[in-house]
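Could you have a look at this structure, given as structure tokens, before my questions?
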């Protein structure tokens, strides 16, 4: 396919945070062209967004249904290849489902759906259609996260014993949702966000990161879920003890009331022979710790890195890449899978290294299990 | 009392880690003179230690009982003023008790005793005699820890919401106790260490630090206690969820199998208006985080610090003080209390700012509660 | 102009480092479309590059002369708006000159030309045509660099006294140019690189950063220029003392033989009332130092920043932006100027905040002055 | 000599900064006993200081002449072993000379004297008497500085190419000497401080550190010396280019007007194969940089360190040592040399690892050469 891939977007209108992030990420590598969108349920907002993006007005739609309908009928040399879904949580499921049913590949914001049941519906649809679905668990797009995974996979740390993962933010320390802040409003509204507040919004990123890096799966949780800010309708803080299927134990912290914190996602893993540490706010650095020799500072861009990390690096050492590039890496892997796609042939997400529908299903199960644990006097609740 | 205070030491013979630490700490401020000791239960070791310390051989004893007995009878211008107890855990109680009964003030390594019951016995004895007892919870001796406490006390962070405290070490990642390492041996031996391994050795430091800094008390714990290294007889790893009496919740991590970690004790506290962060390995720095303005890097030695911190600082900004100075600060506060001591007059440890017998009792209760929680299927266990 | 701007590229073929950087940077904000290029003097390489970029083969040229010629004649709705020049140093001048003469705006890699004379020719041409010319002194594209400049401009530091700027790299510690490394080859070849090695390649970035941040101009230098690696034909290391027109003095270090360093460009400025520090490898952080209160950690993304910095930020606090985004900021400012361009109306680069032809002229004068100083026994040489 | 060494002090009365530092440092290891002193030229201050230090009033003197005189006549079992000279710069020479003439070993604050001539006089006296003289260039007492030297000595970095050493302070950013600040007053007074301000006070520390770590000697300087604060009588800021006898070149910065800086002494050295970095404000960490593998974080306390570093470490990894311990290390080395001293046998300072009279002479020559260079239009001035 000797051309840019054509992308249509659902959501991402004026005031959106994640829409522009997706568009910028998709623009970095020069592999994707945004050609249409249904950017908002308010027609004038969708039109204004399309105009600001220099789109052909005839391909700016007012509903995602209209978009799928019309794009499906376009000639092959104009029609979109895939849909990017960047709406609030409660509008992830429907456009994703319709895109798949319309024969389009999909890249969708996390969480994949509003409930475990919906997530499973999408899983079946992906299996049935064979289409490519990527979920933007952005943080596993960072090359040094991939390097961490490779170092653990290779056995350098020995058997994993401890996993500490945290995602502290401070931006919801006050009742920002009462001040008209759009990001705060939908995230604290159960109707738009789902059953989880902080746990769904950022706790799932932390859990996903822990499992991605260690290769283990969380099997049991013992969780505390708080609503710290008075009057808030969802949790804004969680801490939990974890058990993994490989015998490791750990702690997960996710909070939006850690005043003064930005997006301090971080992970520390310890094995028999060593440990490692990575922080999203300094993403090009990976610290390796050893039992009997100096700590090492592994850095993006060096030739000594694994191929798995190097595939996703654009700049030489010391020229930092950031969040948009991590995001672009999900698009990069997704794009390659879409280019390789052949009807009837199964795509293996692990080969391209992007989060897929199974991560989406697992994430929904995680949120439901944590909510259950938080409401229980029983110490440990199983995550299936 | 226009002279140096005279100290006698119990424990701290050859191979001891903490004995030399106490002696160096006691030597820094020029207020204390070591004049006698019962350094080991092996007479030749006690004698050799005394000689290496240039002590009068007639005041090098082979048992602490002999030491108390003989020193008690010395003339007032030669007799020790206080005893420093630096033995392994199971020999804290007896010499401390005998010292108090012999009329000597005591500075004792933590844990104060082997059980909550013993701790309470000492508490009664302190109350009865009015003598000064200090417990070397070293880390609260750091000036920036005191500054953190003052900043919280002053209300700068608002009501406290979250407390994360950690003490990760890596030195017991292997079965070091089987290689003849004396420090590892007694710490993993229930007969010498007590019912807690990591939880008693370092978990208590973490809990003490959290309570000292925030001014709150832990009221409930939900704990996981692991013995990670095969064949070890005590826990070497713990994680727990915490509830405090001021409504805050938190997480405590203490582990000795975090491969590559040194003594990475650290605390983060978040309130309504801001947060703070302190790390023992960079002890002269205190990070303050705010909701709507830049983080601040509060540093030892500056004139802007509180009097409570400045009382315990010896050097100007940028000339770092360390662990021995923190230790010396416990001695400094204790020494002042001893100098102010008047029979019949009650000493207020808070005035001098040293950990006292109540911290000792509380620490023993904490260990017992965590062990109970770890063995229970009930989510939360109360700490009384 | 309700469409994307159309860009043509000169240079940036296979093996190029900076070509892909420009293309990615130009792609981030969705304002620019690459439509043609003369990517290499080797026709097959130019064609292969164009194909890899999904360009219309009819617009992939083999010389920049051909490109200008043909594009000039295109209809207005297809013709490029500007040219991006990303060739090695010795091929900056000719295509830039021709582009201006052909009526195209230009964004050109630094150094602007091969000599001060050439640079002045371009300056006259810009003045004559009124076209927009931007020079990619990337590092001033970082938002925190802009914040630093604003803080100094506002007088928060008082009169500036000291400026320390460094650009240490380690990648030329060995004779990499003898191993076939293309980047090393042209950079150490006087015919392709010009009279300066490290001084031209990275020293100019350091000088530009110092002047941009402080608002002062370097008036005198006292320089040491070394060729550390045996057999190298240009300097690979320089250090110099500086005097500024505002009374400040300083030190500039630029070296490519600081083994183990990546791209550790950094600047520290001290004034009467405070100081600041910024490092390219952690570009989202700006440290402010004060005479009598805690250091502050100013961070990208916060609302407290100046409008001048916020105009160039894409992500919220803690979601790091990096080198490509800094680069994209030069394109962002340049693009706005091009969109505002009206024939006959003078463009003010300061309004848009991009490095312009005057920076190019000054940079050439700087290199020539340093080389002169290095060869002189006189202590100070004036920079005019 | 099975007893503590007996120390007499000259200087260090009320208001002194360095006197208490010496006393605390001397107290840490339990090898030294302060028995007498001439603490101030004001008799009442000397008496008050002696009382505060619990000294026998009969051994508190009002002049150093009286002290030497009387101590010399004491019986061998009471007489001091050595003198510690902690007066302002202009009173270093006389008591040091008299101490040596009186048969006492000496540990003296830097600079060793007021002029190169005086320094040479002391050198001859040391050679003649064979007595031990140590100079407190404190910073080479840090164990990680010793480790850095060992790593370079061992050839791990290859031939040394670049040396960057800095000592930025901010405390003299204002005319503090006009506010009654005693430390600022004498340091900015040529009569008490000598011909150098910042260059003598802290520049010499930087030069000494650079030579100690690299094993090279500075042979040429090209210096800029400023008096930044109006009305000040000595330089408060210096920068210079350096040439070393081993072919390396470098930069030395020393300033007291870097607003907001504390005592940010730091050094970076680069060789053919790697580099290293050390900062006094985080003294337990040494960063090693390599051409083709990750940076390493070498930390105090680990078993992997050289014997030369381990000899001067008191605590396990992660229990930080600081400035007082570095200072105590000068005393530790000096004390060992004094204990080993035998009349007629030459002491080798390198064996014990303390700065000696040759460092003192070289330091004076360095100051004189820098002052000469600063006043010259010639680029390079030789340091002999």
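The chains carry the letters A, B, C and D, assigned in the order they are written, with residues numbered from 1 in each.
Here is the rule we use: a residue touches a chain if its C-beta (ideal position, glycine included) is under 8 Å from a C-beta of that chain, and two chains touch if they have at least 3 such contacts.
Keep in mind it's a predicted model, so treat the numbers as computed, not measured.
K.L.:
Shared touching chains for chain B and chain D?
P.N.:
A, C
K.L.:
Please tell me whether B-C or C-D has the greater number of C-beta pairs in contact.
P.N.:
So, comparing the two chain pairs, more contacts are at C-D.
K.L.:
Compared with chain A, which chain's mean CA position is the farthest off?
P.N.:
That would be chain D.
K.L.:
When the centre of a chain is set as the mean of its C-alpha atoms, what distance in Å lies between chain A and chain C?
P.N.:
Centre separation, chain A to chain C: 34 Å.
K.L.:
From the mean C-alpha coordinate of chain C to that of chain D, what's the distance rounded to whole Å?
P.N.:
That pair's centroid distance is 44 Å.
K.L.:
Quick check: how many Å separate the C-alpha centres of chain B and chain C?
P.N.:
56
K.L.:
Residue numbers in chain C touching 2 or more other chains?
P.N.:
Within chain C, residues 261, 288, 295, 299 contact more than one other chain.
K.L.:
Looking at the complex, which residues from chain B come into contact with chain A?
P.N.:
Residues 157, 161-162, 164, 170, 173-174, 222, 224, 226, 228, 237, 239-241, 249-251, 253, 255, 257-261, 268, 270-275, 288-291, 295, 376-380.
K.L.:
Where on chain D does chain B make contact in their complex?
P.N.:
Residue list for chain D touching chain B: 2-4, 17, 20-21, 23-24, 27-30, 34, 51, 53-54, 169, 171, 261-264, 280-284, 299, 301, 314-325.
K.L.:
Mind listing the chain D positions that touch chain A in their complex?
P.N.:
288, 292-299, 302-304
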